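What follows is a group of structures, each given as structure tokens.
The same chain A turns up in both complexes below, where it pairs with chain B and then with chain C.
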Partner chain A sequence: MSEQKPVNAADIRAVLERNDSARLRAWLKTCASCGLCSESCFFYLANDNNPEFMPQYKVRKTLGELIKRQGEVSREELEGMKEIAWARCTMCRRCSQYCPFGIDMGLMINIARQCMRTQNVCPERLMNIDQSYVEFGNQMQIPDEEFVETCEWMAEEGQATIKDLEIPIDKQDARIMFIVNSREPKYYPQDIQEAAIVMHVAGDNWTMPSHGWEATNLSMFSGNIGVAGMVAQSVYDAALKLNAQKICVTECGHAYRAAKYEGPYWTKQPNGQAPVEVTHAVALFHEYMKEGKIKLKHKFKDAITLQHPCNLSRSGDLGEKADELMEMLCENFIPMEPHREWSHCCCGGGGFIPMGPDYKRTRMVAGKVKAEQIKKTGAKYVLVPCHNCTDQINDLNKEYDLGIKIVSFKQLICELMEVPPHMQPEEEDE
Partner chain B sequence: MATVEFKGKTFEVDEDGFLQRFEDWNPDWVEYVKESEGIKDLNDEHNKVIEFLQDYYKKNGIAPMVRILSKVTGYKLKHIYELFPSGPGKGACKMAGLPKPTGCV
Partner chain C sequence: MYAFVNGPLVWIAFAVFILGSIWQVAALYRMSKRTDKVFYNHYNSGAAASSIINWLIPFGSHSWREHPGFTVLTFAFHICLLAAPIFALGHTATLAFNLNISWPNLPDSVVDALTLVFLAAALGILIRRFVVPQVRIVTEPKDIAVWVITALPFVTGYMAAHKMLLDPDTMLLLHALTGCLMLICIPFTKLAHVFLFFMSRAFIGSEFARRGTKTW
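And now, the complex of A and B:
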């Protein structure tokens, strides 16, 4: 429950100043309220064009107020803003592409969240996760030893499929340092195993760090930039310590954005870039396919569509590669309309999934736009290279009775690829 | 928040269908949830998993990692999925009365 402490306006002003409030003020003044952003927003579309869901309105009611009043607002007002900044926007940035002035409304909502987070105004479940990052270095309270043991276990069980499968931990000088989402060691260790199988079969020189393995960065969404920077730094430190050539992020959207684009800024990198190059599983698998390191028995035959995660294909540079990878793996790839950087957010991002059951209804209502996009393709398979998108589309599947099956790239590749004879386990009864 | 009535008992559940209060759990809850989790018949192996999840939760206040679940029960990952098709995090925890896991899940 929110304690009734008075609002500390100075803390809010510090966030505004740090974020160059001249730029923010200019954006707010430049906005002509033309409304071109409205129909770009899935929240607006899914809520019967209710003007309260217009991106420009959401920015004015949150950051706009905070700037205008220089943080001198009441706790009740902040609570009201919370429901706008977290429950009516995923910071997917689609609206920025439609703004004639190029105003980055997603970023403005993010700064509003940072202001509120200084006052502990934030959806509770999301806020609590910051603490897990501080104590454990990951979002699910996993001790590093248990992470390592899970990897050993997955390598061992994976040897039933791939002889001598290894998950190398803390190997020096590897080409790829692979990092994962906590949910993989905690609840879905098969994801680690599948990624390991793909990298092993491709003959890559790869490793995972025993610390700094957490790819996610939900503090970016809670607005706690101090913790977000700490998480990004521990990934960079691990890669530097192991002298890895590249950091490769698992099939997760926001983790890529955090490590590649936002992390360098939070951690004050001198050249504005991560100290070790950051890549993503989509790009890695694309490279394996293109260079013939992975060969297929056959392509996937059924009609299949692709969910473009906002943080890969809009805030990131992977839209084209994801499409090309689909073409290399599938015979009948049916893109959603609109797609790539124009695709709609599914409403799983921006912290929505971790915000928990209290926000599920909102998520299901706003997800209608994505459900319709999927339905229109007619495909019964959806390739989803992001965990939050996966959970959301799974929920939409039930809510809107889509009758679809969701797969990841690594899962699909494991199913389709040719395993060289020397990697096949000796015949024995399972 | 919603209320579920089953065999004369009421359960308060969250929007994801997890029990609102762990203390409300009783074996009827498992009976109620099993169908939506794709389980036809419950056997001793299901119960062994459920009991372990509850013990661990009582001691630690969180759900265990799958690795620990596998080590204690002796079941391979594949077998855990055979028992609980929607997985250890969602299906098994829901049946055991644990709250919805936190984080990206």
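And now, the complex of A and C:
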């Protein structure tokens, strides 16, 4: 890292050219500099309304400069822009709902990130993750065999609760091909087991692929769209090979957005649709509950609130379903204000969590808005259907002394559901 | 000079405004066919319409409701901006005389009032620009220039009607000149939002609707 390569402006221009679109031109021309986007941004709010955190200013200082100077900037300037594009915006897109012209500043920050990524100006850890996707197909350097072994282990262990629990790998013609966040095999294998239990009890026909099982797509946030497309393609390929009816993404926000909405464009699918329908655990569990495939012993009794991940409830279509699922599972659901598509970002997204300890302080400061939202509900349980949000809200819990407990849908369902007698393991004699 | 300004220049200004706008819209439309497939793939006419209409209604969008003061200011600004010149007797009479098209005008006192409300709102918007930190930080010289270009025809129109400052003919000359300047600037500055507003709102309405999300 010591010797500094000069900036290659041609690379930056190539990115600008690739992203040159009628809508971008309209946005650049039409912005009235009215400042209405300011209070929509949690960075701005959490940093005491410091105007340098208002969305348009951040775009102007990054993409705006890169366009104006056609990439002819110094490395120091790029380093400065990096601290804006990655550390002052999570691309949550809330500001575009507040701009009178609907200018999508999250997208513009993403273009700035793509420009910088060509010069390897990007938080180190995100670049390492790009590399891990290329070498291993997942963000955590897990060989596929190890993943399969973890699944077998989890199935076996789970048989203590559910008789004959299976985690079918590479089964053909399944209805659901379930894909996970590689954090699950790496650190939280229990998550895989819980999801398996829910699908098993619901009697679903499901499988997981031995390759293409990684749901995350952090290259969307590093700005390496080539790798992002490769990751999305490997998921589509797995589903096509297994002839699965649907791809179901685990409780993870950006993974759903990547596979369902952005992936089709990175991989140039016709009509912008994924080749295999993409769904999400929230929608799947919603369906199980609605159709009575899962029955509860009782609903969850304590006061509980729900974190709406930006990539599920704003850049994804699950805000309403998540609320409905909460109502079906909980007696005392207290929504945060604002919620659903108007929800504030918790600051775990946009690559922040994997950016690591260097950015933790920034993350804790900006997370204040979410911490206060949670506090206001008075609930001591927070349901979080996203891995990045989970990490962030866990950290916020400590930082702001929230005294909360974080649960996922699969965890809650496993706790509350009725297991049919034939699935209960035979009682062992004491 | 006077003959030119009040004759050919007005024609030129309207031609630049109308043809320039059509050209801008057409160029973006043609480009979008190539670069904005995401719009055509997921176009949703209902969401596009809602995304436009709700933002045209005072307090119709979340953002308007959360910024009540500014909403009042900008709607006063824009309503008077459109109503005053369209219904000013000076304009309808000129049009009726030259082109034989006519529509009812508003009484002078009402047009005066609209003009003054406009100027007050414009002043409010300008002061806000300098006083509110998150607006000041993104203010560039061009924002001030556009403000001046927009306000001048109202100032001069009012002064001409009330025979203030200069003799009415000179003031009318200045008025026509500044009016023409404003029209000419519409397609080429941020005033292009007159038509871009509808395009960008239609886009974002559809783009978020495919994710089940509202932008109003």
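FYI, the second predicted complex is superposed on the first by the 422 of 430 C-alpha atoms of A that agree within 3 Å, B and C clash if a C-alpha of one lies under 4 Å from a C-alpha of the other, contacts with A are read in each partner's own complex, and residues count from 1 in each chain.
Convention: contacts are C-beta pairs under 8 Å (C-beta built on N, C-alpha and C of every residue); 3 or more make two chains touch, one makes a residue touch a chain.
Owing to the predicted nature of the structure, the values given are computational and were not obtained by experimental measurement.
In this overlay on chain A, chain B fits alongside chain C without clashing.
Legend: residue contacts after superposition of the two complexes on their common chain; A:R25 is shown touching chain C, with no touch to chain B. Within the superposed three-chain model, A:E65 lies out of touch with both chain B and chain C [touch as defined at top]. In the overlay built on the shared chain, the residue A:S33 is in contact with chain C alone; chain B does not reach it. Contact comparison for chain A: of chain B and chain C, C touches the greater number of residues. Taking the Cα centre of chain A as vertex, the centres of chain B and chain C in the superposed model span 140°, given to the nearest 10. By the document's definition of touching, of the two partners only chain B reaches A:N181; chain C does not.
Touch criterion met: A:I353 reaches chain B, while chain C stays clear of it. In the superposition on chain A, contact is made by A:P51 with chain C only, not with chain B.
The superposed three-chain arrangement places the nearest Cα atoms of chain B and chain C 24 Å from each other. The contact surfaces that chain B and chain C form on chain A in the two complexes do not overlap at any residue. Listing the residues of chain A that touch chain C in their complex gives 20-23, 25-27, 29-36, 38-40, 44, 49, 51-52, 54, 56-57, 60, 96-104, 261, 265, 271-273, 313-320, 341-342.
Across the complex, chain A meets chain B through its residues 125, 128-129, 132, 139-142, 146, 149-150, 153-154, 157, 181-183, 185-190, 216, 218, 252, 353-354, 356-358, 360-361, 387-388, 391. Those residues of chain B that touch chain A in the shared complex are 14-16, 18, 62-63, 65-68, 70, 76-78, 87-90, 100-105.
On the side of chain C, the complex with chain A involves touching residues 28-29, 31-32, 35-39, 41-42, 51, 55, 61-63, 66-67, 70, 74, 132-140, 143, 190, 192-193, 196-197, 199-201, 203-205, 207-208, 210-215.
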